[in-house]
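Okay, got some structures for you below.
Okay, so chain A shows up in both of these, paired with chain B first and chain C after.
And then the complex of A and B:
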């Protein structure tokens, strides 16, 4: 090993110094809530496979204030994921050419958000319809 | 393709990440609202929306099964990919071990979901 110990500038908390990177870390961080929510659904599915008593116990557990609190935060986080997913989409998908002109980014973002609104209301209507 | 060049497996993980990201962007907030808030708090939807007979019938239906598996598996693969690539940003220089852990957990969740859906039957 060399005896040289060159100075290496610390990178600790690099993203806190720039609002752009703070936003980046928050939108990447939404993945933690997507994973946690998938875990909640997986638990429910597992309980469902164990029979009626297990399923009912899981439904009762969901009424726990901690679960309600988690789902409120998850709703905000995954809602923010929806917003950023479509905000970034003009840069993550290939350029769309319409009539010889490149489709502006805001049109793609607005289209994506509109699709999310339609899909969400459609899902709610479907659940509503199946429950009646 | 030139000999000696190995095909990358990155597009597979990226496709799963993209599919899960799109699905969670389109339906994630409403799903959280329905299963996590509306049903437990008894708002908006009928009280027996997620009753055992209804959910069992949904999970035994082929379309229902596919929907449940797609939501759980793709959400997990999306999150695993994003978390794995964010490790570097928080100062963890992720190697094969971290990759195995992230994608391995997503794979485990997928297998568990598929197994539960098989146990529930058709």
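And then the complex of A and C:
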């Protein structure tokens, strides 16, 4: 009879066992803030559809310190999500060949971060211009 | 042993199926010199302290892929990890994570070997050639498309780094997918449609959540995460393009 009795270790708490996995879970967790912020914007759209009074009430609600606090936390979380998103991006793409050479990963990461920064600043400038 | 001989504690996860119900830690005091690897440390234990300690090793130079272990929780080749980098702290050694422990530091490999067979890790010629027609020619660009993926030594560190494989051992996993991709993108190969059935299957690439740790721990500079994620795109293309050009299926 075989004496084999392979022992399978538990996966309980796997993500706490390595700093890389903790960082991964934080990265994945910050996606919830992206979803929550989409909820905020959709609420605004919904209130707008209900007329001027509803829209103004929503704008007033946004000035609540708790709401402003949420925005700051969401900004930090989405910023971190953006950073880690572009950090992993070179691993998720087919090779980009420029001039016969494969584009290094850091160029793709830097390009993504630059595009995100330009898009954010562009949007900010647009909204700023419309608000004035 | 000389007066100034340095001694490091090596904590090993032991498990002997014929007598142990579950693994347990055992600490050994190992005299060492600065040029000694962790593998040499466990070899010292086997030679001088406890001959029953079991582990796999062969080449001692990071090419055979036999001596992978969790060293302080990090999947590593024990032959290229050095005791001096841990001294004076204790170094913890454990069988590769996510695999069943067969005995001490030896893991069960059957699951991986089956996966390796299933990906058909050989060239399935696109066009049959006779010897008289000569060899298949390839440009440097065509070589570049798969070269890094061909460096895999099947050491399985990437599986020990993949929590999705740990949670679902049927996932074909990083190394097998990297090798599958190595053949699929080889200009001489014509077996892509067959291999895509595996990529598209329940065991396929969509088990991956892009943790990316597999590529971090690879001792040979392979980027298995890239192979897996490129094949998510290929799989999605297969799925949508079948409406235009019916072909293949999924296992």
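We adopt the following convention: the second predicted complex is superposed on the first by the 122 of 132 C-alpha atoms of A that agree within 3 Å, B and C clash if a C-alpha of one lies under 4 Å from a C-alpha of the other, contacts with A are read in each partner's own complex, and residues count from 1 in each chain.
Criterion: a residue touches a chain if its C-beta (ideal position, glycine included) is under 8 Å from a C-beta of that chain, and two chains touch if they have at least 3 such contacts.
Please read all numbers here as calculations on a predicted model, not as lab measurements.
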{"item": "Dominant toucher of chain A (residue count), chain B or chain C", "value": "B"}
{"item": "Touching partner for A:91 - first (chain B), second (chain C), both, neither", "value": "second"}
{"item": "Touching partner for A:15 - first (chain B), second (chain C), both, neither", "value": "both"}
{"item": "Which superposed partner A:119 touches (first chain B, second chain C, both, neither)", "value": "first"}
{"item": "Touching partner for A:35 - first (chain B), second (chain C), both, neither", "value": "first"}
{"item": "Chain B/chain C common contact set on chain A", "value": "11, 15, 28"}
{"item": "Interface residues, chain A side, partner chain C - complex", "value": "3-9, 11, 14-15, 17-18, 20-21, 24, 28, 88, 90-95, 97, 100, 102"}
{"item": "Sites on chain C touched by chain A in the complex", "value": "15, 17-18, 22-23, 73-74, 97-98, 100-102, 108, 141, 144-145, 163, 166-167, 209-213, 215-216, 223, 225-226, 229-230, 232-233"}
{"item": "List of chain B residues in touch with chain A within their complex", "value": "20-22, 24-37, 39-41, 45-46, 48-50, 52, 54-56, 58-59, 68, 71-72, 75-76, 78-80, 82-83, 85-86, 89, 91, 109, 112-113, 116-117, 119-120"}
{"item": "Residues of chain A that touch chain B when the two form their complex", "value": "11-12, 15, 25, 28-29, 31-32, 34-35, 37-42, 44-46, 48-49, 52, 55-56, 59, 62-63, 67-68, 70-72, 74-75, 78-79, 81-82, 85-86, 112, 115-116, 119-121, 123-124, 127-128, 130-132"}
